[in-house]
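First chain A sits with chain B, and in the next complex the same chain sits with chain C.
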Partner chain A sequence: MNQLYNSFTLFLSLLVEAVPFLILGVLLSSALLFLIDERQLIARLPRNPLLGSFVGGCVGFLFPVCECGNVPVARRLLVQGAPTSVAIAFLLAAPTINPIVIWSTWVAFQDVQVVLLRIAFSLAIATIIGCLFGFQKDPVPMLQPELANRVALLAKSQPQGKPSPQKEAVPALLQSGTFFLDQPGQPVRLDEAIAPVVGITPAQAKGRNTKLRLFVDNTVQEFRELGGMLILGSAIASIIQVFVPREVVLSLGQGPITSILAMMLLAAVVSICSTVDAFFVLAFATTFTTGSLLAFMVFGPMIDIKAIGLMLSIFKTRTIFYLFAIAAQLTILFTLSYSYFF
Partner chain B sequence: MTNNRFFKFVLPWIDTLTLAAWGVLFLKLIITGQFRLLIHPNYAGLVLAAGIILMGVSLFKAGQLWKSRRRRIETSPQVQHITIFPPGWSTLLLLITAVLGLSIPPRVLASDTALQRGVTEALPITQTQRQSFRGTIKPEERSIVEWVRTLNAYPEPDAYTGQKVDVTGFVVRNPDFPDGYVLLCRFIITCCAVDASPVGLPVKLSSDQLDVENDTWLRVEGQMMTETLNGKRQLAIAAETAVEIPTPADPYKFAD
Partner chain C sequence: MIGKRKQRLQTLDRAAISLIAVLSVLLALLIWSGNACSGSDCLLHSGPRVRSFSWQDKSISADDRAFILTFSRPMDKANVENNLKIEPELPGKFSWVGRTMAYTLDKPAPYGTEYSLRLQGAREQFSDEESKGTLIQPFETTFTSRDRAFVYVGVEGEERGRLILFNLTLDQKTILTPKNLIVTDFKPYPNRAYISFSALDTRDEDPSVVEQQIYRVTTGFNPDAAGDLAEGSIDLVVDNDEYRNLSYDLAQDGETLVVQRINRADPADFSLWVKHGDDAIEPLNDLPSGDFLIAPDSTSVISSQGEGVAVFSLEPQDEPLDFLPKFGKVLDFSRDGTAAVMVDFNQNDPDKRYTQSLYFVNNQGSQEELINVPGTILDCEFNPPTTKLYCLLTELIQGEQFVEQPYLALIDLEADESAPIVKLPDYQDINMSLAPDGLGLLFDQVMLDPDPMAEGLLRTSSGNAIASSRIWLLLTTSVIPDQEAPPQLEELPMRGLRPQWLP
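This part shows the complex of A and B:
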C-alpha cells in the first residue's frame, strides 16, 4: 500500500513538473498556427534529406521546449506537410538543441566539453535518423492509422483540393510539397488534403475573435490528447521507479559499455524532462563515466517512457520501435567512441 | 446519433471542467505549499503560471460554451480527433488524475524509498563544483546535507572529531549496522521527487533511544566521532540527546 502511495506521489511529481512544459509546447504549437505561415515555412525547408534533417534539428533552437513540448510542434509540422526528415530530426533534436537545455547543462556541469558534446551527438543522431526516414517521402504509412485513413479519405473526396489561382499557373508537380499520386486526375498536395484534419486552414482564421477562439480550441484539443498520453507514460515510469530498486539499474555496471547501457536504461525509465535532466545526472557524476553521463543526456531527451506515450499520438508502434532502436545504437556508438578516444 | 450529440454538447463541458480541475490542482499545490513535496521551488513560478493559464483557458471556454448554448454550435473545426484513444477517453484520464491529485495529498518519502534508492553515508553531492563553500559555518549549525557536503570536500573523519552537532532527520535502520546505530537521513531534491536522493550519517544512539523506529523524525545533538562500521572508517554522530519531533512541513532539502 505504501509502495502504491509512493508511486502515486512520484507520478504526481512527474506530472507537476511536465505539465507546465507541455502547456508551453501546446501554446507554442497553437501560436504557430497564426504567427507563422507554415506553408511558406515548409515550402522553404530544404527537400534534400540530409540538409532537411540538419535544418530540422536546428529549428529546435527556436522552440525552447523539452520532450513534452516538442511533440505537438512536430505533429503540426508533419501534418502541415513538412518533409519527414525535417519533422523527425526536429522531434529528436529539439529537446536538446534549445537555449534552455544548453543553459541548464552548462549551469550543472560548468564544462564546455560536456555541453558541446551533448549538442554535437544529439544533432548528429537526429540528422542521421532524419536522413534515414527521409527516404520514406510519404509519411502516411508511418502515422497512426486513424490519421492516415482520414488523409486518404479526404484525398478521395476532394481530389482537386482548392488550388489558389497562382498555384494553378504552375503544374502541381513543379510545386514543392508532398503529393498523392495514386489518385486518378490531379496529384493532391499532402498539406491541402490534410489541413481539414487538423481542423484549421489559414483561410478560416480571419478576425481577431475567430483567431482567439481557434487558438483556444486548438490549445484545449492538444492539451487533452497529449495530456492523456503524458499521464499514461508517467504512470508507467513511476511504477517502475518504485517497484524496481534503483540499485538494480546502477549495479548493472561500472564498465565502459555496461555503464552506458545502464545510464540509457535509467534515462528511459526516469523520464525526466530534458530541461532539468543535467541536474539529475550530476548526482551520478562521481560514480559513472563521462561517456555514460553523455549517453543519459543524449538518449533521454529522445526516447523515454513518457515521451513514447506522447509519440504514440503521431506514429505507429513500429515506427517508434525503429526510432528507438536506431537512436539507442547511435548513442552507444557515439558515447563509446568518446570513452575510447578520450 | 445520441452518441454524436453527447460528444458535441457534453464533451466540451467536461473538457472545460478538466482544465479547471488541473488549474485548481496547480494553484492548490502552490498555495498550500505542498508543491515542495513534489518539485524544486525553482519551478514554483512555472507551476503557478501553468495553473493561471489553465484557469484562464477554462474560463474562456466556459464563457464561449455558455454564449453558444442556444445557437447551434458553429461547425466547430475540432470535431476531428487525431488520437489513438476513442474520444473522451483522454479527457476522462486527465479528469480522474486531477481529482485524485486534489483529494490525495502527496506522501512524504520515507525510509522505504531511502532503502530502495540506496542510502550511503555520503552520496555524491548534486553539483560537482560548488560556487561557494562556506567553511566558516559553525559545526552545530550544519544540517545533515551540509555535513555530507563538508565531508565530500574533506573526507578525513578525524578532522571533525569532537565537533558539536545539532541536526534533524528521519531514522533509517540499516540492517548491516550493529545495535545502537541508525542512519539519520534527509532527501535532497534536484528537480522533482522522482530524483530525490537520500543522504545520511550514522548516529550512535543513547541507551534510552535504542528501539527508535524507522521514519521517526529526530533532532539529534551530540558530538562527532570516528567509528568503524561494516569495516569502513567513517564519521558518526555520538548522540547526547535525541528528541522525537513531528515530521517537518518542509521535509526535503533542495540542491542549489
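This part shows the complex of A and C:
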C-alpha cells in the first residue's frame, strides 16, 4: 500500500513538473502554425540533400512540436512537395531541436554539456539520415500507397498553393493510422483531424473569430492527445521506479553499453513526450551513466512505440525499419563514444 | 515508370543497407577497443572515470570544507573510500549521492600547502557481488590551500601607521597604504582581495583620532583570477564630512559595513549606520550603541545597548529583534553562526562583584557559564571546529596597588576545562588573531613611548603614544600546554601593531 502511495506521489510530481511545458508547447505550436506560411517556407527550402536535411533539422525551431505533433507536420511537408531530406530530418529532429525542449532539458539538468550534446547528437543523426533519404529524389516508393498516390496526384495536378488533399472514398476504419472516436458519426484520423488546421495559412483564415476558433480547437486537440500520453508515460515511469527493485535497475545501469541499450529500450517503451522527457530521465541521473541518459533523450523523441504507430500512416514498413535501425546505431555510436572519450 | 521506381527504390535500399553495415563495423570496432585491454592499458578506456573534481586548480580557504568528485558510473563506495589518498593527509568524512561523492574535512586544511589527491584501484559498483566491477581510470590531481598571510600596522620608520601585508608562505612583505594615511583599524574581506581600513590623513589641518575615514585597499590576492587587481589601489568608502566615524565592522558577505557615527553638529546624535555594497550609507536606528559585532549571517548586528546586548536587523528600524539583558558584550561567533561567547559583567550578583563571567550562548537558547575571572575578559576566539576557545584575560595582582596582568587561556568546550597558556606580564592593549586554519595565534606587544608628552598619531586605547611593538606567534596545539610541553612561542622578525590573519 505504501508503495502505491509512493508511486502516486511520484506520478503527481512528474505531472506537476511536466504539464507547464506541455501547455507551453501546445500553445506555441498552435500559435506558430498561424504565423508561418508553410508554402512559402517550402519554396525557400534548399534542395541540396546535406543542406536540406540540416535545415530540415532546424525547422523544429519554427514548429515547436512534440514527437506526437511532428508526424502530421512532416506528412504535410511531404505532401506539399518539400524535399525528402528536409521532411525526414524534420521528422527526426523537430521534437528535440526546438526552444521548449531545449529549455526544459536545461531546467531539468542545469548542465550545459547535456543540453548541447542532446542538440548536437539529434541534429547530426537527423542530418545523416535526411541526407541518406535525399538520395531518393522521388519520395513515392517509400510512402504508403495511398499517400504515394496523393503525392503523385498533387505533383501532377497542382504544383503548389492549393489546400490539403480531399477525403478519399475509402472508409476511415480501413485506413491505417491513429483515430479519434469522439466526434459523433465518423471516426477522425489523427493527422486528418489536425490537417485542416495545419493547412490553414494566414491568407486563408478569414476573420478573427475563425482564427481564434481554429487556434482553440488545435490547442485543445493537441493538449488532449499529448496530455493523455503524458499521463500514461508518467504512470509507467512512477510504477517502474517504485515497483521494479533497485538492483534490477542498477544492474541495467552498469556498463557503458548495457546502460545505453536499457535506456533506449525504455525510451521506445515509455513513449514520453520530448518536451518533458528530461524530467522523466532525471530520476535515473544518479544511477545511470550520462551517456545512457543522452541516448534516452536523443533516441526517444525520434522513435518510440507511439511514434511508430503514427509513422506507419506515412511510410512503408521497410522505410521505417531503415529509419529505426540507423537512428539506433548512430545513437549508440555517439553516446558510447561520449562515454569512452569524455 | 514502375521499373524506374524500382530502380530508385533500390538506390535507397542500397544506400541504407550500406550505411547500416558501415555503422555496424564502426560499432563493433568501438566495442572491441573498449574491451581490448591488457592489464590497465586499454585501447580505449571503457571503465569508470572521475568526471569532475570541485577543487581542481583551486586555492582553498578555511571556508572550503568539502570537495565533490563526480564519477562517470555508479561506484563501489567502500572501494573508492579505501583507495582515495590525499597527501598530506586531510581527515574527513565521505557521503554519497548516486555517482557523486562528497568528502567533508573534519577541520580546515592547513594553509600554505599543496595537496595531491590520488584515486586508483577503485571499482565500479556491481549488483552481483561475486563478479568484480571494472577498474577506474587512475585519477591524480593537485590542489593548494591559500598562502598563510597576515596584515599589521607598521610602527617603525617609513612603515609607521601604514598597512603591511606579510605573506609567510612566500616570506614576502608588501606595504599597502601610502605614507599620509595612519591606519587605526582594519578588517580583511572574506575573499582576501581587499582590506577595509579606517585611517587619518596626516595632510589634514588637524589630524586627530576622531577624524578617521573608511577606505578599501586591494591586496593583490585575486580569488577569481579575473580582472586586474594590483595591490595598493585605494578607494574612499565612508567619508567624515558631516559625521565622525568612531568604529566599524565588516560583514562576512564582504558587502555590508556597519559604522558607529557621531554628528559633528549634534554630539547627541550618536548611533549605528549601515552601508550595503555601493549604496549610500544610512542610519540603522537612532539608538546610542556601545561595542558591536555583525553576526556571521551578515543580516544582523549585535550591539551593547544600555545594560544588555541587542540584536538588530541590518535593515533600518528602531525595534531590536532580540534583547539579552544578562550580557554586556559579545566577543565572537562560531563559524556557522549558531553559537557565540558573551561576557556577563556580574552587575546584579553581589557575590560576584568585580568579576566577569564568560558564557557560551547558542541558538537553541542555552546559556552556559564557561569561566569566571576576578579580572577582565578582553577577547575570545573560537577555533574553526568550535571545540576550543582562545581567550585573552587579565588577573588582578594585589600588591601596593592593584595591577591587572594579562594572560592567554585555552578553554576546551568539549572537556569543559580551561587553563592558562602563557602569561603576558608587560603587555597592554593586546590584539590577538587566530589563524583561519586554527594553527597559530598572533598577538602584539606594544612598547610605550617613555616620554608621557610624546606626540604622534599612533596611540593605544588609553591614549599613550606607541614607540614600537613586537609581534608574537603562538603555535596552537590540541592539548593544553604544561611543564612537559611548554607553549611554542616565537617572536616574528617584523615590528607592528594589531596583527591579523587573512581569511
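In the analysis below, the second predicted complex is superposed on the first by the 197 of 342 C-alpha atoms of A that agree within 3 Å, B and C clash if a C-alpha of one lies under 4 Å from a C-alpha of the other, contacts with A are read in each partner's own complex, and residues count from 1 in each chain.
In this text, a contact is a pair of C-beta atoms (placed from the backbone, for glycine too) under 8 Å apart; a residue touches a chain by one contact, two chains touch by 3 or more.
Quantities reported herein were computed from a predicted structural model and do not represent experimental measurements.
J.: Which partner does A:A325 reach: the first (chain B), the second (chain C), both, or neither?
T.: second
J.: For A:R213, decide between first (touching chain B), second (touching chain C), both and neither.
T.: After superposition on chain A, A:R213 lies in contact with chain B alone.
J.: Chain B or chain C: which reaches more residues on chain A?
T.: The larger set of chain A residues in touch belongs to B.
J.: Which chain A residues lie in the overlap of the chain B contact set and the chain C contact set?
T.: Overlap of chain B and chain C footprints on chain A: residues 247, 250, 285-287.
J.: What residues on chain A touch chain B, complex-wise?
T.: Where chain A meets chain B, its residues are 2-3, 5-6, 8-10, 12-17, 19-21, 23, 27, 75, 79, 108-110, 144, 146-147, 150, 196-200, 204, 213-214, 216-221, 223-225, 227-229, 231-232, 237-238, 241-242, 245-247, 250, 270, 272-273, 276-277, 279-280, 282-287, 312-313.
J.: Can you name the residues of chain C that touch chain A in the complex?
T.: Touch residues, chain C against chain A: 5-6, 8-9, 11-13, 15-16, 19-20, 23-24, 26-27, 30-31, 34, 44-46, 51, 72-74, 97-100, 124-128, 133-134.
J.: For the complex, give me every residue of chain A touching chain C.
T.: 128, 132-133, 135-138, 140-142, 247, 250-251, 253-257, 285-287, 289-290, 318-319, 322, 325-326, 329-330, 332-333, 336-337, 339-342
J.: Mind listing the chain B positions that touch chain A in their complex?
T.: 15, 18-19, 22, 26, 29, 35, 37-39, 43, 46-47, 49-50, 53-54, 57, 60-61, 64, 76-85, 89-91, 93-94, 97, 100-101, 104, 106-107, 109, 112-113, 116-118, 123-129, 190-195, 197, 255
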